[in-house]
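Okay, so chain A shows up in both of these, paired with chain B first and chain C after.
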Partner chain A sequence: MPLLEIDGKPVETPAGMNLIEAARLLNVEIPHYCYHAGLTVVGSCRMCQVEVEISGRKSIAIACNTKAADGMKITTRSEVVHKLRQSVLEFYLQHHPLDCPICDDAGECDLQNYYMEHGLHDSRMPLAEKKHKHKVMDVGPNIVLDSERCVLCTRCVRFCREITGTGELGVFGHGRDAELLNVPGKILDNDYAGNVVDVCPVGALTDKDFRFKRRVWYMKRTASICTGCSRGCNIFVDWETDRRYKDPQRRIQRLKPRYNRLVNEWWMCDQGRYGYHSVDEANRLLSPKTKSQSNGHALSVDEVITKIAARVESAIEKQGPGSVAVIASASSSNEDLFLLNRLFIDKLKVQNIDVTFGFEAKGKEDELLKKSDLAPNRRGALELQVKPWGGEGQGGDDLIAAAIEGEFEVVIVVRHDLSTAMSEKDFAKLRRNTGYIAYLSSHENGLTEVADDVVPIAMWAEREATYTNFQGRVQKTARPFDPAGLAIPEWEVWKKFGEIAGVELNFSDVRDVFNAIGMHFESFKGINWESVGSGGRMLNGTPEPTYKRIQTSTPLTAY
Partner chain B sequence: MIGNGSTRLLSRNFDVENLTNLEVALKHGAYEQLKRAVKMKPEEVTEIVKASGLRGHGGAGFSAGTKWGFIPKDKFPRYVTVNGDESEPGTCKDRLIFERDPHLLIEGALICAYAVQAERIYIYIRGEYFYPTRVVAEAVQQAYAKGFAGKNILNSGWSCSIHMHNGAGAYICGEETGLIESLEGKKGWPRLKPPFYPAAIGLWGQPTIVNNVETLAFVPRILEIGAEKFAGLGSPKNGGTALYSLSGNISRPGVYELPMGTPLMDLVNEYGGGIPNGRKLKAVIPGGSSSHILTAEECENLPLDFESVAARGSMLGSAAVMVIDETVSIPKLMHWMVRFYAHESCGQCTPCREGTDWLLRLSKRFLDGSARKRDIDDMWELADNIDGKTICALGAAVAWPTKSYLVKFRHEFEAACKN
Partner chain C sequence: MITVRQVREVKLSAWQNTYYPELWRGMFITSKHFFQNFGRFIGRAVGLKVKRPLVTFQYPEERRPIAPRWRGRHRLMLRPDGAPRCVACMMCETACPDKCIYITAGEALDGRIEKYPVAFEIDLLRCCFCGLCVEACPEDAIRMDSGYIDLGGYSRAEFYLDRDYLLKDSALTTHSQFRGELDGVVVTRVDLLAQAKHH
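Then we have the complex of A and B:
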């Protein structure tokens, strides 16, 4: 482990670490544009130059391509280094407009930040001599390029070559005419294209979904996880609710990947990135629905849950637990599924319950991040034994078939829209044959139209919850803002149901529920809300997966 | 024109008619040294080249034998790349070797390949060199036909193929890593160093020797006359002779083969016939357009070898000596020089991409009379901000001459200013 000094402070670094990363260990930022820890080092921006002293000999070196070595003395703040940074910035700003008031990257642009910190020079370049390049170019369906703002760091080019292996972008022309453009005949339309906006250190590449929607300083940022598939990529939710006049249907402004070495590194797929729109979609279910008489007033959520509980109880009383089926969902959180298990399997002895069905949509799986299983908590459902394995009840597609044939008096459906999952004929048959259908849904759909009672449930961005991803890692979502309308988290539905049905599910909040899981399930033993932390925690008995770089198996070379 | 130097090693047979024909070349000793080399141990060949003091004639002047010795012992396959990109303004010597004695080059490259046990040679020729390409390509075919190249060369058990590659005319493809990228079919952008020196990680990640045409052409001669005799020809630490490309305001421009360390003024006056029309010498650019300019006073008593020219604050580079007489405007000269480098900047790293372009615009002002005095200081500062801060040496190639012109001929720039 090399021991070196950075700005007079000693630091021990892992072998092979470069100086930018070594300085980060001391919270020292060495400015850079082209360097990105997830991409190959090209050393072209020259912004990270520092003074390096080895055995008394001082020289200038680029920090990205200099490995920390024993006895090195690094100076990142000196007159010499300041001059170097200033000169590089001056080179960049010859032609690059510092048009922060109109650039959509204002507040997140490294050129802006470094200029304020290291530049602040008067331009020696007459305005008339500044070169002009392409503005507002569509490089793909989601991405817009402003060539004039591009600093040619090639991070996006390298991303498309090394990570996705698709190579849609390149630098064309040479010298002063060098310009970032699409490779002829290719458009930036891979499943991870949105990441090029994240890696762009300036405002050259912007996201059509976000550009000019919000200024970054108005937004708040919450660490969460994506629930788009069973990987559970770590993300930041950038949200803003104060200026709803701008776009009343939009509380989440964008999602950004959050670094987690063993889950998603620096990246996320576009499906996850743009999947947040469903949170504030126009068809969100905002209030409970019921088919029964309401005495002229709108029913409260509690009243609807009471009705569901009463109906379930009476069915069990008359015909036994075999008359009730629960079509549960692997998209529910650990807490939801835990209470579901306690309520239906443990207490009410309902055996016809499952989370896995043939009609569930499968996603496209790839060698990078995307998993074909789109349910974020399949592993959690397995660990929490939602299907009463070994019991007498029916599971999966048998359960559905039986429901269609009218074997159940009561069917409780969680999250699945059965109206699109089965044929029109089967769906009508199910409705006809089943005495009572209760439905927990976040959106209005065909099933909300025909179900007897519908409870609006909160979505992932409106509630705290934990999910267990395919690796066996328990991770949690955050709750930046309240649920839409009268929606409540699913676990609260079961809690209220339990209270009415006389089942003790006495939890004051979601943390209590999660902390209680360990008392019943060995794999969660000793894991509590706090210990899950921001990076997640593996289930007991499930080893941490070995690190494998997220990269296509057929990367193209750097350029 | 070929030089009339007293010691002619490389150019010895340049005047022989039809030397490009293998039969003629064989009569003049071609491939004799290859026959000897393949009977030696590869390391012995490297040791001879090391002992001869042969230095790279492409510009850097690095010891050729030492470079060969850098090849990792256990990594195969290995490649030899002949750098015939020759695009430094003022330099025109490799072309003569291509055209006049291609078999000498091929023999040298084969000996090098044998010394480092390479299995393939790439001859990278500047895109504009149409005729030389044809000549060398024919010579390669002849060498194959006679068993000097290909499988089991001269029954030594060692095989080596030779491939021709034309550049697309980019200066930066003469830089060894830019050349490698170009050979790999990519944009000629130089590679970041360290750690990827071609001898360790070169073409397709394999050990690769990149040597200039002239350097490799010397190898058969070294074997022929012996390392000691070769070393004795030049000045200390500078073995043998060099091909000096003499151009500019000179009576007899051309390529002259002379021992390393030949005095500059001897080359100008004795061999080049001095400056025509009785004009006075103003300056000399001693090693291609990227070297610092030397004033007439600095040219006195200057032996043309790597150390002596460096001691005078310039460099021998590719030994392209450009003579400038009193009629030449230095601001104009600088503009032409900067224009070349600004055009040839590959655009990969910031100081070079943006800096050369800016220098070009500033240098233009001295031509149209719109320059201000502060532009002189601005140019110097810009050059300083480029110098040593780029991925490859192109940054320095424009910064060094710019700085030297501005310092040594500041009065001319001041005179060209409007205020």
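Then we have the complex of A and C:
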């Protein structure tokens, strides 16, 4: 364990750690462009130069490629270092177009940030002699390249070679003609292409999806998780709701990956990154719907839930709990499934509940992040025992088949759009054979058209919730803004249902619900809302997975 | 805690209730100003160094000179090729303390500057004319006009200036003229500046 001194402060680092990481332990930032903790070190930008004194001898070294050693004395701020950085920055700004007003990265650009601190604010480069390169280049379906802004740090090149192993980008030419371009014949179209925008320290690579939508200083940032698949990548939700005149149908501006060593490291897939559009889609269900008489006045959510509860109660009274089926969803959060369990399985003794169905969409699984199971909380549903139906050899598909055959008087559907899940004939048969269909949905679809009562429910960005990913890690989503229209979170539907059905579910908020899970389920015992930190928390009895670098097994050789 | 202060109604005496004393007092003040001003005109005419008399301007036919430093309604500048100078960088929108500038950016695919304002709206009724937008602009695209003061209109909508309105060369047109409500009065900026200098 080397013990060294950074700016006069002693720090002990793990063996083999470089000076940039060592300085981070003391919250000292050493400016850098080409170094990224997730990529190999190339030491090309020379921005991270610091003064290193070892056994009385002083020298200049790049912090990214210098390992911390015992007895080192590092100076990150001095006249000499300042001068060095100033010279490096002058070199980078030599041919830079300085089009910050139209650059999407302005505000979070390392070139801007470091220049404010170290810059030589009087350019010695005559404007007419600036070298012009390509602007607004279409390098892939989601990415725009402005090679004038590029500082040739090759982070994106290394990302494509080392992490995805696809190698679409490269630097071509020498000296001032050097330029970042597509490798001939390749377009930047892999499942993780959006990450090159995150690794780019300047505004050279920008996201078509976010391009010119908002300035970065308008946005607010909330830590959350992606609910696109069962991995649950840690993300930041960048959102803005004040300036609705810009794009009324867009509350979330973009998603950015958030570092979590054991889940997604620094990355996220494009499917998750651009999946947020469904939150403000035009077909969001904003108000409840009913087929029965509503006396001409606008319907409230409570009224519809009352109708559902009354119908379920009367069916159970007349024909027993066997006449009710719940087609639940593994996309519901732990709290939703817990209340569903308490309400239907514990109290109403309804046994026809399942969460796993053959019709559920399967994603593409790869060795990096993507999981084929697109339901974010299947592990949670398993832990919360929302799967007691049928016993041996039977599953959700048999439940659906039984529903089509008309075995149930009342069918409650959560989230799943059954109209696309089965053939038209079967769907019509299901509708005909079932006395009453209640539906909880976030979007308008084929089933909202024909269901008897429909309750609008909030989506992941509109509510707080916890999800259990495939590893058994409980992670939290945040609530940056309120639900669209009259939508309410799913757990509130069950709470109100319980109040009407005479089942005591006295929870004031979602945190209460989550904290109560531990009282009923061993794997959640002792886990409360606060103890689920920003990086999530493993279920009881489930060990932390061993760390494995998220990287393709066939990386291209170091650049 | 709210403190309540009771204010007693002023009771007028019978003499005060006739209103004669107040009537005469008012007449006296009005006449005083009239004769004072009249005296100043006469004094100036005979060359005495008395205070400047008050003048009534027959607005809108006759206009008061405006100080050269006066800055009023906004306008957007054009490039020599006719495109707006504005690149929709949102600096003015960010700097605006009244949040009265609403810009929507778009992507130009015609080989010019790639970012341009699809919509650029200013709600003049919220504007406090502080000029921070002009100061913030890195492209010198937004300016505030000097030379005229009349910002009149019959509805709120008339004060909601859109991009095309702001892009018109508004230096020589007054607000009401642009709306086609007041014809026949053309006061150029040069005239106004000359007038201002003269005074």
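Rule of thumb we're sticking to: the second predicted complex is superposed on the first by the 551 of 559 C-alpha atoms of A that agree within 3 Å, B and C clash if a C-alpha of one lies under 4 Å from a C-alpha of the other, contacts with A are read in each partner's own complex, and residues count from 1 in each chain.
The definition used in the following text is that contacts are C-beta pairs under 8 Å (C-beta built on N, C-alpha and C of every residue); 3 or more make two chains touch, one makes a residue touch a chain.
Computed from a predicted model, the values in this text were never measured in an experiment.
K.L.:
Assess the superposed three-chain arrangement around chain A: do chain B and chain C clash, or do they fit?
P.N.:
fit
K.L.:
Could you say whether A:102 touches chain B, chain C, both of them, or neither, answering first, second, both or neither?
P.N.:
So A:102 only meets chain C here.
K.L.:
With the two structures laid over each other on chain A, which partner does A:135 touch: chain B (first), chain C (second), both, or neither?
P.N.:
Only chain C; A:135 stays clear of chain B.
K.L.:
Taking the superposition as given, does A:43 touch the first partner, chain B, the second, chain C, both, or neither?
P.N.:
Only chain B is touched by A:43; chain C is not.
K.L.:
Is A:94 touching anything from chain B or chain C once the two structures are fitted on A? First, second, both or neither.
P.N.:
first
K.L.:
With both structures placed on chain A, which of the two partners, chain B or chain C, ends up touching more residues of chain A?
P.N.:
Between chain B and chain C, the winner on chain A residue contacts is B.
K.L.:
Identify the partner contact of A:557: answer first if only chain B is touched, second if only chain C is, both if each is, neither if none is.
P.N.:
A:557: touches chain B, not chain C.
K.L.:
Just checking: does A:211 make contact with chain B only, chain C only, both, or neither of them? Give me first, second, both or neither.
P.N.:
Only chain C; A:211 stays clear of chain B.
K.L.:
Output check: A:65 vs chain B and chain C. Expected answer is one of first, second, both, neither. What do you get?
P.N.:
After superposing on A, A:65 lies in contact with chain B but is clear of chain C.
K.L.:
With both complexes overlaid on chain A, does A:245 touch chain B (first), chain C (second), both or neither?
P.N.:
second
K.L.:
In Å, how small is the closest CA gap from chain B to chain C once the two complexes are overlaid?
P.N.:
Minimum C-alpha separation, chain B to chain C: 26 Å.
K.L.:
On chain A, what residues does chain B touch that chain C touches as well?
P.N.:
Correct list for chain A: none, the interfaces share no residue.
K.L.:
Can you list the residues on chain A that touch chain B in the complex?
P.N.:
Residue list for chain A touching chain B: 41-47, 49, 60, 65, 84, 87-88, 90-92, 94-95, 124-125, 129, 151-152, 171, 173-178, 557, 559.
K.L.:
Which residues, counting only chain A, touch chain C once they are in their complex?
P.N.:
100-102, 106, 135-136, 211-213, 215, 217-218, 243, 245-247
K.L.:
Could you please specify the touching residues of chain C with respect to chain A in the complex?
P.N.:
It is residues 87-91, 94, 102, 104-107, 113-115, 119, 138-139 of chain C that touch chain A.
K.L.:
Using the touch definition from the top, list the residues of chain B that touch chain A in their complex.
P.N.:
Checking each residue of chain B against chain A gives 170, 181, 184, 186-187, 189, 192, 194, 342-351, 353-358, 361, 378, 385, 388-391.
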